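Here chain A shows up in two complexes: once beside chain B, once beside chain C.
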Partner chain A sequence: MTIHSLFILSKSGGLIYQHDHNQPSIDNEKTFSYPLELKLDLQNRNIVVSFGQRDGIRVGHMLMAVNGKKVTGHQLEDGREALEVLRDEANYPINLKFARPRLTTNEKIFQASMFYPLYALACQLSPEPRSSGIEVLEADNFRMNCFQTLTGVKFMVISDPKQSGVDALLHRVYELYADFALKNPFYSLEMPIRCELFDEHLKTALEQAERSGLSNV
Partner chain B sequence: MSGELFTLTYGSLVAQLLKDYENVDDVNRQLERMGYNIGMRLIEDFLARANPGRCYDLRDTADKIQQAFKLYLGVSPSIGSWNPGGDEFSIVLETNPMAEFVELPDHCLGLRYSNILAGIIRGACEMVQMEVMVWFIADQLKGDNVTEIRIKFVKRLEDAIPAVAEEAEVQSAVKPPSSTRASPCWSGFRTEDRDSQRPHCSAHRVE
Partner chain C sequence: MTIYNLYIFDRDGQMLHYAEWVRKKQSGMSRSQVSPVDLREGYLTYCTNKYRLHLFETPSRIKFVLNTDAVATGIKELLHQIYTQVYVEYVVFNPMCPLSKPIESELFAARLDEVVRQSPAYASRPA
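On to the complex of A and B.
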């Protein structure tokens, strides 16, 4: 029973709040000898495992560090190209750290605004008039619940498919939004929410929902 | 919380505005604008707490406004004086909690003391895609028996309807966000700009 993250979209489709609650982080560190058994590729300026799954390192994981030095994009801290370093036999044995890539803030904004037309499209595809948009979207290892208010603000929670009580949680988040974001006189409408009180209460609500999983949020 | 604190706070707000502007029309306009900004936020609170559901008829709306008065001011106004077209009604307050300790001095008879209420109703309705006009037609402070607020439905704000398809309005739901009324950066001054572009409710005077 986990709740992974929460998104709030303004009525014009912009991401105004995002919170990662319980993201499973998978880190794998391993020392390799020459030649490297993993096939690495450059994707989106990141170094990603494209083939060869072993010891918890999976296809799609990203190279995070070489010999304890952080990798940013495709370069090491000292400016060397990571792929070059890996190609050179003299650098082995070598310690590599892999992790599942995280979404950057930009990617989150991008994906949140992608959902906006999908939601609207769902209304149009509906065989019944006056249908709402997407309320639940289920995949084999997560579920997304979306709640749109009458004013057009969307609240989305990404959780474990077995998590219950998400509807109540969404409603609770709406109350918190009305209380701590909108009643804050220094918050301007439709802008990203940066209110500490809101953060705090939200965390409590998410933890509670996770613990009980019931409707008594 | 005691309502008196609210009444007194509002009173000092109005008094301060009168001092700052020295012109009752400006004060009336300023109160309405403040109310508008409050209403845009308060509506979310109302929806989250009371969970009233969408209105498809102005009579629904009237009921919900009545409910909101109960929730936020602790009074139950009566609804009435519908016009034949059904797009205009009155809210009648036997007592106005905002003006409990108030007597209007002679030099500000034009002041609509509780004008903030008009702004709140307008702002709140606008957020649920209804443009309304709100004005006072009777005020106990001016010697009337009751306080009466008149609400007139102007139009449905089609392009601001969130994608919850309403048969004919589906088209508008998929317009790119930039064309909706709500540009992503409403801040105080933008709101004022928007305000000045539309016919202002303060055109209606309490006679």
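On to the complex of A and C.
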């Protein structure tokens, strides 16, 4: 059982807190011979697999290292262009490391504010009158639970679909937010939460929820 | 359990078909990478306190969106059945049905209605 991450959105839709709890790191290293079986493309200044899934390397995974040398963006540590290195037959056999890209802080803010209109739209689309917004969003391999307080603050937890007790966890996080963020004299509403006590208690709550989720199964 | 309504969209987002069984509230007006791991199939669902929306996307990016009440089960299978046994049989196999236009076939609509009414999720609808 795992809880992947937690988001807190202010009532105007801004991301005020984000915590990655248990993010799986998906990476694969493999030695390739010439020509490369994968099709790589430059996307958002990163080198991404665009075709040819094999050995756990999937479309969308990012090139992280070439022969153990880290790749930042589209360049190797020594400043060479990674795509040019891959094009040169003389460099083969070559060892490449791919990983699923992690969200950057900017992307997290972007996604959090994307959820806000989706939540509102779900009420509009409802076939039944007086529907709330999205409370649970499920896919094959993750689940997002969302709890909106009466004041419009949203707490979102992304977890494994089998994780139980997420509703209780969300209420617990609300409690912690009220106790440690709102009662903090240095905290101003609608602003990102930077409070050590809140961080600590939140971490304990998440770990507890993971453990009790396990014993419930 | 209840099935409310169904939308079918093509790969460009054009609505191909809309069917409705139970709908109490009419709308006053005509969803990114959240997953920490790779998605296996294109099946996604969300639920509010009143209803649940199910999205089934085929590899050719035709989307089937079905609204049910929050506790309906077996909808993934139903959507797959609608795709393989209704959409493919009565639209793709019908030379008179252009693929990227709204579906006008009456046979399709009738068969769709039949399949949904036969599904266990539809059977026990509240009054």
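Rule of thumb we're sticking to: the second predicted complex is superposed on the first by the 210 of 217 C-alpha atoms of A that agree within 3 Å, B and C clash if a C-alpha of one lies under 4 Å from a C-alpha of the other, contacts with A are read in each partner's own complex, and residues count from 1 in each chain.
Simple rule for what comes next: a residue touches a chain if its C-beta (ideal position, glycine included) is under 8 Å from a C-beta of that chain, and two chains touch if they have at least 3 such contacts.
Note that the structure is a prediction, hence the values are computed from the model and not measured.
After superposition on chain A, the partners chain B and chain C are accommodated together without colliding.
In the overlay built on the shared chain, the residue A:12 is in contact with chain B alone; chain C does not reach it. By the touch criterion defined above, A:158 reaches chain C but does not reach chain B. Using the contact criterion defined above for the overlaid structures, shared-chain residue A:175 touches chain B, although it does not reach chain C. By the touch criterion defined above, A:191 lies against chain B but remains apart from chain C after alignment on the C-alpha atoms of chain A.
Shared-chain residue A:127: touches chain C; no touch with chain B. Least inter-chain distance for chain B and chain C in the combined superposition, rounded to the nearest angstrom, is 10, based on C-alpha atoms.
The intersection of chain A residues touching chain B with those touching chain C, taken from the two complexes, comprises 123-124, 126, 129-133.
For chain B in complex with chain A, the residues that touch the partner chain are 40-45, 47-49, 51, 53-54, 127-128, 160-167, 170, 173-174, 177-178, 180, 182-188.
Those residues of chain A lying in contact with chain C across their complex are 4-5, 23-24, 26, 58, 60, 100, 103, 111, 114, 118, 122-142, 144, 158. Taken together, the chain C residues at the contact with chain A in this complex read 4-5, 22-25, 27-29, 31-41, 43-51, 53, 67, 69.
Here chain A touches chain B in the complex through residues 10-14, 113, 116-117, 119-121, 123-124, 126, 129-133, 148-153, 171, 174-175, 177-179, 182-183, 188-191, going by the rule given at the top.
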